[in-house]
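Pasting the structures here.
Next, two complexes with chain A in common: one pairs it with chain B, the other with chain C.
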Partner chain A sequence: MTLSLTLAAGWVAPTIDYHALAPEIVLAIGLTVVLLVDLFTTERNKWLLSVLTGFSLLGAVLPVLTLMLHDNSVRSLFDGRYVVDEFSLVMKGLFLLAGYVIVLLSTSHVEEGDYWRGEYWFLLLSSLLGMMMMASARDLVSVFVALEFLSIPAYMLAAWRKRDVKSNEAGVKYFLLGVFASAVMLYGMSMLYGVANSTLLIDIGKSIDLDGAFGAVQALAIVFVVVGFAFKVSAVPFHTWAPDTYEGAPTPVTAFLSVASKAAGFTALVVMVLTAFPEGRDVWQPFIWGLSALTMTVGNLFALRQTNFVRMIAYSSVSQGGFVLMPLAVAGGPAGESALRAVVVYLLVYAATNLGMFAVILAVSRKTRSGEISSLGGLFSYAPAMGVLLTLFLASLAGIPPLGGWIGKFSAFQALLTDATPWAYVLAIIGAVNSVIAFGYYGNIMREVWMRPVPHGDTTPIVTPSSIQIALGITAVVTLLFGILPGIVLRFGEMAELLGAFGG
Partner chain B sequence: MLTGQFLLLGAILFCIGVYGVIARKNAVLVLMSIELILNSVNINLLAFALRNGSADGHTFALYVIAVAAAEVGVGLAMVLLIYRNRRNIGLDELSEMHG
Partner chain C sequence: MQMIYDDNWVLSVGTFLPMLGVLVLLITPKANEAAIKLVALITSIATVVVGAFTLFSFNFDKAGSMQFVAEAEWIPLIKSTYFIGVDGISLPLYLLSMVITLLVVIYSLDHVPSPGNPKAFFILMLILQTGMAGTFIAQDLILFFVFFELVLLPMFFMIGVWGGEQRQYASLKFFLYTMFGSALMLVAFLAIFFKTGAESFSIPYLVENGAGIAKNVQVWIFAGMFVGFAVKVPMFPFHTWLPDAHTQAPTQGSVILAAVLLKLGTYGFVRIAIPMLPDAALEWAPWIGGLAVIGIIYGALGCLAQTDMKRLIAFSSVAHMGFVMLGISTLTSFGVNAAVFGMVAHGLITGMLFFIAGSVKERYHTLEINKLGGMLTQAPRLGWILGLCTMASLGLPGLAGFWGEFPAILSAYNPADGLNVTVYRVYMVIAAIGTVLAAGYLLWLYQRTAFGTPKGGDHEEIHDVTTREWLAWVPMLVAIVVFGVVPNLLFSIIDPAVQETLRAFGG
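Then we have the complex of A and B:
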């Protein structure tokens, strides 16, 4: 007690670099405005909210850009507890743009349902603000607070359709497993703090010594923390919530969870293993290796037997998560930097492709009102543009050149081959086999789209709202661009220097 | 000091909590078990703060308490939703979707 009082007496206000915090500040202002405007507008004017949400996201992109262009120096705030480095800027850009596409996808969906519109936009922005903080958090407390900040609104979004039993179930499953995972992770964090006597990730990195007196405690703590994030990125065997939540939640929310929320989980995982646990690599490398192999295989095998489209995408995104974990399994070794690059590249490409996929699903299901794969029969014959776009996104997910997906898979395999250990080669082979299995279910949908007859002969054209058309345009262009000019996305990957990793 | 005993208490609470989450089928009881885990974390943090003589653990514990309150708020709201729609909060009967 005396100690805390002396600390309090010597306290001086930290100098705050407002430029570095500008994206978060813009977003925080944006979400407050959305909440207030929701309070004072009538039902007829609620459309304003989606516009405001979109503008605050784009407004927050501007400071991210100026920070990227300004200079290369790393901005470290609050004694290194909050760091704005290139890695965090690239991830923030990803979250904001993914968030913007999700706003485009949600607009028509939200306007047409008689649900709680203001709350929807507010929760979406809150969760995105949590993700932005996650990208910069370099302290156990800020990592924990950011994780809960992004998760709690996401739980509510999943259960957003209050009177729909499926949506309730989606929310409760996501909530209980998510909270359980973060509680287990906190227990690990408390042990890390206990041994290191600091909550700064860099100090924890210095304190980790697996052969030391507290080696066993630290090993256990590392496993607990990785398990906590494995839930967030729905890695097998911690994926059980994902298919039910993805199917039950409103479709734009599913897009949000499977892209933005997953990318945030990976961001945190990358920061933790590379800045806090580099000395603990003998524990987390084999653990992530196992998670990655299991996630790819189990996700794929379950995806093969799905008849519901959204559920199949859920399992496909589980298995895609395994591919992102793949380079992380060698991130502690000599291939560390190329592993970090591979994770960033994969996340960027995956975000564009998967969001595009959801845009097609949303557009098509407006007509078919069904989530079954068979409802896509003959899509090309009556909606050629949708058919072509769906094929494009599926091919990108499967990793066929010259689409974005292949460059993601390419850099993941490259990281494994750079590591050049037998275990890395084995994982590369498992990954290659799984890429082939994935063709099975992606191809199945393509066959439905191109060759099968139209169900009930209903060939009325699909009316796509302009917001979804814009979203389709953005994602398709980005997916193609990343594949044809991989230099762009690789440059983002190379830019992504992470402060505190690799002795930097 | 008593750090060892506090850590043991934390570990026991953690185990009871994990058992409760896995074994219980009632949503409210699962929520209570999660609270047990969070409190074991708080005991751990405070014991370590005492041993290390630093204030970081106290700060961390305050954050954990605040966030746990938010979590329980959302959790109980969801349980209430389920109860309104189904008149039942058994988790094993929540199986609208599977496969």
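Then we have the complex of A and C:
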């Protein structure tokens, strides 16, 4: 009793920088409004919800822009536990815009699915809010809370098609493995707290020092935390949930998981390794090196064997994750800044491209009602625009200039070669070989689209809802623009300075 | 290297004009085939006109300098610029790509291969043209890489959609081989960038500074570039994609592939790998020469074993590119001159042979050599053109092929300082045997297809060369003869640029 009173008396309310928190606040208001409107609207007016969701996401972009343009670029809140720096702003912009495209992709799907519409939008917004927090969290507690905040709605979204066994499987698998990962990570975090006597990432970074007592506990803690995020970004061998979840979840949710959720995992991983244990690089660099090489290779080899489109995308996105890990494997050394830039650039390009591909798939599967690769046969002959767009997105994922993907791969290679150690060169070679293997399955789909006959000779045209058309337009333009004028996306990468990393 | 900045718009216009045609084609309705063909034709004519302007404004007294140089900011963060220019090595190849595209477009006006869809076909062809022309003018490694890769997808679809029965396999094989090469090439480009102080991707800059890299590092960087370019050339043992791709590609695809795409690889050696990494080049040259002569003999033996006319021509490409690579591997200006001449000559001759093969296929519905015969009695003009081209291909003096082949062999007699003379003289002898084999397989091909009496009763409607075919072929035939009689037309442009390129080897 006395203790709590003393604590209460000593507590001073922190000053809150509302401008810095504005994007999160807008989203929080938005999701509350969505939930309330859902309660008081009739079935016929539920379309309002998707519009509201879209607007709250765009509304949250505005403060992100004003914060970016503001001189005072770094805002540190709650004693540095919640930081709005340029890195976090770029990532928030990515989450919000990716979220907006996902809203566009979901609209017709949700309208026609006659499931719980209001909940869908609410869960989507909640998960996005969690991601926004993740981008700014600089404290073990807030990192963990943000992680759960973004994950739990995602588990539910994966199982959203309640009467579909596969969707249930998707949700349960994702949930069980996700919780397991959280537990591992939490264990690692508790060790970190034990070592550093602080939950603030910067303090942890100071206490984990190579010169000091660097022992098994520190090493184990780092490994556990990295493993936890490896689950989140579906790095091999922690990827096993991804194919089943991606296949079973509703397609727009799969798009969400493979783009936004993955990007959030990488955001947290980058923040952890660069601010909490930069000095532990001898532990995490080789570990991530191995993860990266395995993830690229195994993801590719499995993707080659898939006949189901969404499963193939799942493995392809596993392997793409390996490419994002590639620069991180050298992020502790002299190539740190270019590695950070490479991760950001890769995530931005990957988001645009992958979302575009999902947009095509959603549009096409409305007609074919199938997820098999063979259902795409002859797409080019009866829907040339869709065929060409899908080709562009696949080529971008394969990293063929002049489409966006190449600059992502290029930046990753660049980071490795800046590091200039034999290990970095070896990883670069592995990456190069893998980007060729990847074309094996991307090319296979192109072959299906351009060279194979139409299944059952069914050449009825594809009717694309306008929301998906807009999504296609946005993603295609961004993918091409990033590829032809890579300066744009590189500038975002350059801008993304991470407070507390590289001694800054 | 001296830079001349006059008329700096010429190259950009010439390179990107086809993209304008692509945009127009995109909005042309698919059903209106006449309009589509017209747009493609006008675009490629306009491109050649710009090319002709480039040729006439080229300062031939300074063929060793970069001309029409343009520089603009492109990706400042990685220090890559939009930096273009041509010298005496690039110019013939740059123009060759334009002319070949025009001729292929003319040929396609009434030869759109099955399954039709001229709109997509011409769009791909024009994109291809931009990629090819861009590769020859790029003076920045990243820009080079982007253009180099730009040709991949259009060719992939051209083979895969409009090709023969095994087209899907052939197109994927083509793509995977090339992509494997270019992935390693990109890593090598980055490596040379960092090893020269991460200052610039500009090719002239890297040529200036690449020599300063330690020799053992150079050898590794060269290895990456070697794989990238050797796959494209293709050199033995990376050549296996070529017979499949050539055989399965539609006529137009084969012509472009043989005439221009293969040259991207050899051009890469001459422009990038060798001048940038002279020490590594000396180290690698005997191996390259060795693979080149293996290619010559292997290609020739492959030809002798073929029963399909198109596949035979494809294997003869392996042999001919072997001569080009042998010339390059001597690292002498004599050899490289021969190589660049050989590139142009091979482009014209083999391109022409593939055109003929396409027309034969169209008339006889087969390319099986056993089922052909008596072409001279059924279609005498076609037969005589085939005769001229086989003679040119086997290196008959007076036709263009001779000037690529003979000097290349001769150059091996006296390779650059630092290379083992004995080894190269052995190469020379083997290459000379290769020319005998070439005469063997080409004359045998000609004998079996053109001489004798026509076989089979169902070829009664064999017609001779059509007007469209004449239009497409005459420029190439004239060029084969003119360059054969007056080779100096080309050598006088190439030589100063080669001297400039090989400065590191003492000329």
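By our rule, the second predicted complex is superposed on the first by the 489 of 504 C-alpha atoms of A that agree within 3 Å, B and C clash if a C-alpha of one lies under 4 Å from a C-alpha of the other, contacts with A are read in each partner's own complex, and residues count from 1 in each chain.
As a working rule, contacts are C-beta pairs under 8 Å (C-beta built on N, C-alpha and C of every residue); 3 or more make two chains touch, one makes a residue touch a chain.
Everything numeric in this text was worked out from a predicted model, so none of it was measured.
*Asks:* Just to be sure I read the superposition right, which of the two partners does A:332 touch: chain B = first, chain C = second, or both, or neither?
*Replies:* Touch partners of A:332: none, neither chain B nor chain C.
*Asks:* Where does A:197 make contact in the superposed view: on chain B (first), on chain C (second), on both, or on neither?
*Replies:* After superposition on chain A, A:197 lies in contact with chain B alone.
*Asks:* Who does A:171 touch here: chain B (first), chain C (second), both, or neither?
*Replies:* first
*Asks:* Using the superposition on chain A described above, determine whether A:159 touches chain B (first), chain C (second), both, or neither.
*Replies:* first
*Asks:* Touch test for A:54: chain B only (first), chain C only (second), both, or neither?
*Replies:* Once the two structures are laid over each other on A, A:54 reaches no partner at all.
*Asks:* Would you sort A:243 into first (chain B), second (chain C), both or neither based on which partner it touches?
*Replies:* Only chain B is touched by A:243; chain C is not.
*Asks:* Which chain A residues come up in both lists, the one for chain B and the one for chain C?
*Replies:* none
*Asks:* Please name which positions on chain B make contact with chain A in the complex.
*Replies:* So the residues of chain B in touch with chain A come to 10, 14, 17-18, 21, 27, 30-31, 34, 37-38, 40-41, 44-45, 47-48, 51-60, 63-64, 67, 70-71, 74-75, 78-79, 81-82, 85-86, 91, 94-99.
*Asks:* Which residues of chain A touch chain C in the complex?
*Replies:* Per the touch definition, chain A meets chain C at residues 380-381, 384, 391, 395, 398, 400-402, 406, 410, 413-414, 417-418, 420, 428-429, 432-433, 435-436, 439-440, 443-444, 446-447, 450-452, 485-487, 490-491, 493-494.
*Asks:* In the complex formed with chain B, which residues of chain A make contact?
*Replies:* Counting only chain A, the residues touching chain B are 3-4, 7, 140-141, 144-145, 148, 152, 155-156, 159, 162-163, 165-166, 168-169, 171-173, 175-176, 179-180, 183-184, 186-187, 189-191, 193-194, 197-199, 243-244, 247-248, 305-306, 308, 311.
*Asks:* Across the complex, what residues on chain C touch chain A?
*Replies:* 30, 73-78, 117, 120, 142, 145-146, 149-150, 152-153, 156-157, 160-161, 167-168, 171-172, 175-176, 179-180, 183-184, 186-187, 190-191, 193-194, 198
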